[in-house]
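Across the two complexes that follow, subunit A remains constant while its partner is subunit B and subsequently subunit C.
Up next, the complex of A and B:
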């Protein structure tokens, strides 16, 4: 049994920053990560076992990563008395159990491990990150349709290009690195279809200017789009995907100012073999709800953790940093991770720099304003249901169609997302609603009604934060067994 | 809600409320169902949908189960497809010779009471369930054991009742009762009063609290249970399979954690693995020791399930009464009020028989079977005569 002052879950920008900062303040830290090497989705990179000089190619804030990584490796071999990090890679947390005043994290075993790993810590910083939000569209179950983040993960980790002719569609600034990454890797990107009009940015110049590095990024992307002749089409959406056994073409449509599909504009189909979709991000809330922390709905209608201005949740000893407090990008996540670590260190009785705390709090406030402006400029368009058909699959795991969801509401009297799920099964399958949850929750309500915590929270609660086998569960040690 | 004056207000839109709404509308009554949450949002959405005769001994609950079985196959038979009704049969297995001796004694009593049950020798078990462990002493097969998808069942019964004129109001909380002396003449809700000839308490695990609002004691208490749900699998478990100790545990009144194995496949391909029983009030904390014990016992029966992934769990609160019998009938302590609740883990299967008996009692029809063992006032020290 291992005892730690702090367990950090997730080794992306927020978690790495939290773990390193906490250990540098003298805490004994366990850094638990599903990946085989630190970096998370944002800094996913080729296998470090086979070092290559260009490992940072296509990355952003890469020097922040290499700095954190160097400090992490130093802290892995530091003396326990002065603060140390134990990196627990390749393990997912599948259950959190209360352990005295602290927490016990139950981890999935990796091949060859006979004892199930468990990490006990007095406090937790949860940095689970998020994944691409998806919306259903006719044909999206065809091979060749991918999440934008999945396309990028293949590029970053394996330098592998998921298709030869691609359309990158959805909304938000994340479409840009995916499109330019594909083009740099040799794919032809026939268009970026951005549903937003971006006029929102101009209306809130102060918010957009709050984070100067973002303006710089925009200039870099503009140059790359020009270099690769990638058309950036605003108020444009993919309305259907065609193909017999795989993607062959997509239909596109134009939105009006209110985000509804224009019927007076007809655009030609695009021949593609890859569609990369991203409609913003969905934070992973499993561990936040598992520890009993309260949640709220953010500007982008994502369920996120409630934190105070020290990244504390309302559960003593549980802190959250990064996308799970509100999607806002890597810079914000790094700052939040650092602040969460300072808060945890201070709460554990360690001295921390008040000036650092205030600097981080200001930086986070700026980052939040920027994120809110970004979300307002890139909303899910009001008309996203306009191009669905009754036979469009909404839940790909359970093959639930829009028509079946409508029947659950109209015929059977389901009045909320949970009841629709119980009666028509969207979100009941393999991914447990991680992909279709947002869309299914929207479809369970009258068109145009905003989602509330009571819509999203029941769907985000998952007993098992990761799938676990019957054998693992049957042999799991639990806190009720006493000391082992 | 001005202007509505139904014959019956049913409180609760779970399995019992839905079945009551259906039988009452079929009997020609006007019905309004009020539900504080959404339809099928309570225990109905956290259970397996068992219609078992195999776990019953001769007595009033078995009579109710046999009546319900008749209704599921008869009057409601035409709708079976809507709620995935399946007469798959139950297989009760015994691990030891001693356990098999006990099971044989039970089956003899059950056969005498009218249950169709066949003994299965150890070497025949494989023909029923090829993936069961070979280390079993024997089994008993109950062809009458059935399964429904409980949420679809309740939702469709409510829909059928609505098609006959019933109204269903969700998001409506009963805050009190309209009274005329002792008599209950309707309900007060957070959305207005509803006057009615009869008020039916079908509030499931919360029926005791609701009865208290009317000033009568109906001791319905929560008994927490978990069910594990696997990833979808090719057909693996063909019947309701459970361990012989299950019957004992349903009748037990122990406080602590008890688990006994019940395993079945569903139409969706998932395998449901139960069961646990704990008296912990309405505590919704997920208990790893309970989940672990359920998993361990399931693997003892189906070792091949070891690598199968679990996707989720159900957590529900069975409504139980101290004598393990449900409460069904009109309440002489508060005329106008009736109850149909407290079926513990058998409410889905027994819902239709219970609702039919209750509607007979409310309309003065001759009861199909004796309803007095279920009378709501039986827990009072001095029963009202």
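Up next, the complex of A and C:
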């Protein structure tokens, strides 16, 4: 049994910042991360065992990462028994439960043998991050269609280019680094199809101006789009993907002001071998719901954790930072991680700087205003179901089609996402609805109706947060066994 | 210069840069799908690329259902395509 003052889950911007700050305040910290090296999805980078001079290529806020990494390594080798970090890389938390005055985390190795099956800690900072939100499109199950974040991960960590002729489609500012990253790596990007229109930004200039560094980024991207002659097409969507065994072409369409597909505009197909899709992000909420923390639906219709202005959830000892409190990007996540660590340190009786707390709280409030403006400018278009067909795959794991979901609603009377899931099986496969959950929840409701916590919370609740072997299940001690 | 490692995919030799994932190695070798779905028998390869979707499952050194996007390559590694094999407990 291992005892820590604090367990931090996730070593991306929020988790790294939280772990380092907490250890610097004297806490003994376990930092659990699925990656083989810290950085999370945002700072995914080449294997540090094989160092490269261009390690930071294509990265943003890279000096923030190298600073946090240096502090982490210093704290890993600290001689003191307090103020230390034990980094548990390559492990996922598959189960979390209350244990005495704190929490017990059950771990499983992402691949290979599990080195540390259980961690017990007095408090918990959950920084699980998120992944690209997806919407079904006819043909999206063909090889060559990828999540934008997956394309980016191949570039940043492996220097692999997922295709030669690409279209990057969906909505949101994340499409820009993916498209320019592909172009810089030598791929031809035939278009960015952005479903939104940037007029949404102009309507709320105060919110958009809240984070000045974002305006600088936009200028840099504009220059890169011009350099690589990448057309940025607004109110444009990929409506179908064509090919036999892999992507060969896509159909595109134009949206009207209300986000519905225009039938009076016909655009030529694009010949591509790669489609990178991103419709914003879905935060990972399974560990948050597992500890019993309450949730809400954010501006972008994502389920997120309720936190106070110290990053505390309503479960004593459990804090959340980063995308799981609302998708808002790395800068905000770093600030939230630091604040969560200050809160945990203070709640553990350590002195913290009140000035730092106030500075972080102001920065987070600004970041939240910016994030809300971004979400309003880049909504999932109202007409996203216009281009689906009855045979369109909705759940990639169980290969459930739209027609089967419609049957469950119409013939079997399913009126909520959970019942549709039980009858037609969307979200019952390996990924447990992480990919299709948003779309399946929307399809279970009348068109245009907003999602509520009661639609999303049951879908985010997963008995196990990661797949585990029967052997792990059979041998795992639990608190109710009284085993230690 | 990065180190090269050699591995096989369904018996065919491919090379990769040390530190790459299996999924990246297959991508660089021009291989885009390595399993077929249970129901439709459709080809699948990388989708989410970050360990969430389980589309890229592959058999690594005889161990089935490994996520190609997460497993790092190793010299002499044997990769095998195939269908999904149900061996794990799921929530």
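The criterion applied here is as follows: the second predicted complex is superposed on the first by the 468 of 484 C-alpha atoms of A that agree within 3 Å, B and C clash if a C-alpha of one lies under 4 Å from a C-alpha of the other, contacts with A are read in each partner's own complex, and residues count from 1 in each chain.
Just so we're on the same page, contacts are C-beta pairs under 8 Å (C-beta built on N, C-alpha and C of every residue); 3 or more make two chains touch, one makes a residue touch a chain.
Because the structure is a prediction, the values reported are computed rather than measured.
Of the two partner chains placed by superposition, A:357 touches none, neither subunit B nor subunit C.
Contacts of A:422 after superposition on the shared chain: subunit B is touched, whereas subunit C is not. Of the two partner chains placed around the shared chain by superposition, subunit B is the only one that A:476 touches, whereas subunit C remains out of contact. In the superposition on chain A, A:50 makes contact with subunit C only, not with subunit B. In the superposed pair of complexes, A:97 makes contact with subunit B only, with no contact to subunit C. Counted by residues of subunit A touched, the larger count belongs to C, out of subunit B and subunit C.
In the overlay built on the shared chain, the residue A:159 is in contact with subunit C alone; subunit B does not reach it. Applying the stated contact rule after C-alpha superposition, one finds that A:146 touches subunit C and leaves subunit B untouched. Look at A:218: by the touch rule set out above, it reaches neither subunit B nor subunit C.
Of the two partner chains, subunit B is the only one touched by A:412; subunit C is not.
When the two complexes are superposed on chain A, the residues of subunit A that touch both subunit B and subunit C are 398, 429-430, 432, 462-464, 467-470, 473.
For subunit A in complex with subunit B, the residues that touch the partner chain are 95, 97, 106, 398, 408, 411-416, 418-419, 422-423, 425, 428-430, 432, 462-464, 467-471, 473-476, 478-480.
Those residues of subunit B that touch subunit A in the complex are listed here as 38-41, 45, 151-152, 155-156, 158-159, 162, 168, 170-171, 228, 230-232, 268, 273, 286, 288-289, 291-292, 295-296, 298-299, 305-313, 315. Touching subunit C in their complex are the following residues of subunit A: 34, 36, 41, 44, 46-47, 49-50, 52, 110-111, 131-132, 141-147, 149-154, 157-162, 245-246, 396-399, 429-432, 434-435, 462-465, 467-470, 473.
The touching residues of subunit C, when paired with subunit A in their complex, are 2-3, 17-21, 23-24, 27-28, 32-33, 37-40, 42-55, 57, 60, 66-67, 69-72, 84, 87-91.
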